[in-house]
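Chain lettering (A, B and C) follows the sequence in which the chains are written, and residue indices restart at 1 in each chain.
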Amino acid sequence: MGTPASLMLRGIAPLEAATNDEISVFCDARHAEAFACSRAGAIITTAKLAEQRHDCGTLLIARDPRFAFAAIGLMFHPRSIGAAGISDAADIHPSASVGEGCRIDRGVVVGANVCLGEGCHIGANTVIGDGVEIGPHSVIGSNATVSHALIGAGVRIGAGTVVGGEGFGVVLGATGLMCSAQVGRVIVGDNVRIGGNCTVDRGALGDTVIGSGTMLDNLIQIAHNVRIGRNCIFAGQSGVAGSAIIGDNVMVGGGVSISDHLTIGANARIAGKSGVAQDVPDGAIVAGYPAVPVRQWHRQNVALAKLLRKPAADAG
Amino acid sequence: MGTPASLMLRGIAPLEAATNDEISVFCDARHAEAFACSRAGAIITTAKLAEQRHDCGTLLIARDPRFAFAAIGLMFHPRSIGAAGISDAADIHPSASVGEGCRIDRGVVVGANVCLGEGCHIGANTVIGDGVEIGPHSVIGSNATVSHALIGAGVRIGAGTVVGGEGFGVVLGATGLMCSAQVGRVIVGDNVRIGGNCTVDRGALGDTVIGSGTMLDNLIQIAHNVRIGRNCIFAGQSGVAGSAIIGDNVMVGGGVSISDHLTIGANARIAGKSGVAQDVPDGAIVAGYPAVPVRQWHRQNVALAKLLRKPAADAG
Amino acid sequence: MGTPASLMLRGIAPLEAATNDEISVFCDARHAEAFACSRAGAIITTAKLAEQRHDCGTLLIARDPRFAFAAIGLMFHPRSIGAAGISDAADIHPSASVGEGCRIDRGVVVGANVCLGEGCHIGANTVIGDGVEIGPHSVIGSNATVSHALIGAGVRIGAGTVVGGEGFGVVLGATGLMCSAQVGRVIVGDNVRIGGNCTVDRGALGDTVIGSGTMLDNLIQIAHNVRIGRNCIFAGQSGVAGSAIIGDNVMVGGGVSISDHLTIGANARIAGKSGVAQDVPDGAIVAGYPAVPVRQWHRQNVALAKLLRKPAADAG
């Protein structure tokens, strides 16, 4: 099949499903078979992967095809909040300020002195507590609860997420357990993404901070006074205990637990399911429970398996 | 106490609490004491356990007493959605189609072109997004959010669960992090059970799929493009990362994390708290972090303990 | 700076931010620098820590400064439910009984025969199912769902939490998977604290119980028929599987998983991220996956690291 003189593309699709007016991406050699059989009108790939067998007339070579495809995908599917407007069945406090072009769905509660920037979307039945400020073009899903928070611009918060809940400040005293006052805030930078059913607690005295550009998946716990840097990635079901400090560009795998008061250096990477109980230096890659440098973890696992292959020595 | 000529039973109860018009079950030798003292009118058990000391006049012998008791329990407590009817305080889009005998509680939002089969129950303040289809006799709890989804018949989804949220498609590009477009759906088969406060993300390009008869407990994360087979069981707080494929009849313990793009074979079993970082073959039983065959895991744990009992050798 | 003859304090603040009319706390030597530079009007600390360099004229010496500060903090920030009143946009069943001085926000649903004690606060869009009883001065956050439950006095439940959902009683039978009837309740003692986006399932036949004074952080799963004692502490994302019994004063770290039917003795402590697969005796401290006594766990980790330092021996 030759390269066509011109090509009209109407959407994005996976290799297997794409038709001749759709564009797809091939960035993983494991999908060579799907690449070979794909009927996509165009496929983004690397120079090297383009050498694999294929039947597509238009390959677009990119250094980072995943990124290129994501960028093209957002052109076909630009984010939109739908039609602006405030539902009659939303309850907006008279002292709240709502920017131009906001969409506020039914059942939403917007408390006193709330300030919403322009072009925000608040999903149905979400509750925004008194004094919360949300920057322009931020989107909050349905059934979420946001209080005691300053939220930046372009932030997206998923359905069911709770931002600004009371931190877990349990103190053991002579007379039993006691919860200390939690009077801080949550500060969320610009372009932060928080998934669904997460919990981000307000600070105890100071603030809980999530730096600009940081991305959180679903069911994540961020405890009081945690400070997360910019452009971090947290995969699903990870959690950070109280007062931990996370540097910029940190990547945290799914199901990771980070203990309280730790410092995780910038550019560190934490493998999925790790239990981090010590500080992690800048740029380090750790894994395991307790988390250790990832090479040590792999060698430990090999050594453990080896132990089992020497039953005679063990018995001796 | 002799066997009565006839017996009227009015309900089910545990061994300790059952009265003489209730039926109970004894299926675990650890409860022998409760069996001995039980005043239940009838007790389901196995032929072997029936030999234990007891004072109950009517033992019902079953090969699988747990199953028998569950079946009888559902006769005493048949599932019911209560009185059909649509609350005046629900907001049903005029283009939505609602089947006969549905119950839609107050504060519910049903979006455009939604299609609900007959006999469904949508709990209070739940939000059903545009275009969602839900098969007959499905039940969705309160404060849930369902979008971009095709849901089968007889499905039950717990309170607070988010189905169809945006997948976590973070791409690292030259200019920082970027979230790729997420345009797929969630396909949920018939008789699926999803617990409370779960998150099931829509597919990125293709679909996220949960096969018929699969049962999910609470606080479970199912990422974009995951495909789960039929009749699987996922215990609480387990999670599956993006694009993993889970075969039929797989059993996943509580707190398990399954990494992205893995394949878990049919009939595999994954012990609670495991971190699965490699494919699991059909029928395999794995445990540990990283997960290994369960027998290897047990032997590793023994070998580790043994290491500690040889301090002299270590010091040499 | 000398001790002033009298001092008017107006609030609490962290060492770094406190001004001369605020009180702060210094209870961790790692914050010595902040102590040295603090401009707080008064600082609570221990006799020993008071010897560190500082510039504060009024040190208050306490045996447990954390507890003293928490107690003082609650004087400055007494808990309050705000103005009493029932929103016109709440839906209270005529058969429900609502005590004096309750605050019920908009979108709340209160079912038939619900009984709310005096001075309760039910947050916006929360759903209280039929027959639930809640003791006086309890507070339930927004977007929560509570059913099949008896809740004590002074209880606080966070936003998005689901209490009384159906337990995960999956039974494997000849004809496939089946969910057994779940007909029990959740019994929550006095002064219990449950965080945000938790799930506490109703009992299958008997009840799920959380003892008085117990504190749960966020995103915690408590399965059916679990019985938790008094004054326990559960950190974020921990979970307890069905029918486990937890004694009084147990401390459970973040991300811990406790298997079903286990018994955890009183005063036991479970380190963060542990996977508990065996009973834990009274007063024991365990860690690891599988959890072992904490000293054994530390020695195992050392032994594992040692293995790696003997490559010659391994090769031999």
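Worth pointing out:
Quick note on the criterion: contacts are C-beta pairs under 8 Å (C-beta built on N, C-alpha and C of every residue); 3 or more make two chains touch, one makes a residue touch a chain.
As the structure is a computational prediction, the values presented were derived from the model and not from experiment.
Contacts with chain B and chain C are shared by A.
Rounded to a multiple of 5, the C-alpha superposition of chain A onto chain B involves a rotation of 120 degrees.
Interface chain A/chain C: under half of the residue numbers present appear on both copies, so the contact uses mostly different residues. Between the CA-based centres of chain A and chain C the separation comes to 25 Å, rounded to the whole angstrom.
Shared contact sites, meaning residues of chain A that touch two or more other chains, fall at 107, 125, 143, 160, 197, 219, 237, 255, 289, 304, 307. Residue ranges of chain A in contact with chain B, taken from their complex: 12-14, 16-17, 64, 66-67, 69-71, 73-74, 76-77, 89, 105-107, 123-125, 141-143, 156, 158-160, 193, 195-197, 213, 215, 217-219, 231, 233, 235-237, 254-255, 272-273, 288-289, 301, 304-305, 307-308, 314. Remark: chain C residues 91, 107, 109, 125-127, 143-145, 160-162, 165-166, 168-174, 176-181, 183, 197-199, 201, 205-206, 219, 221, 223, 237, 239, 241, 255, 257, 259, 275, 277, 289-290, 292, 296, 299-300, 303-304, 306-307 touch chain B in the complex.
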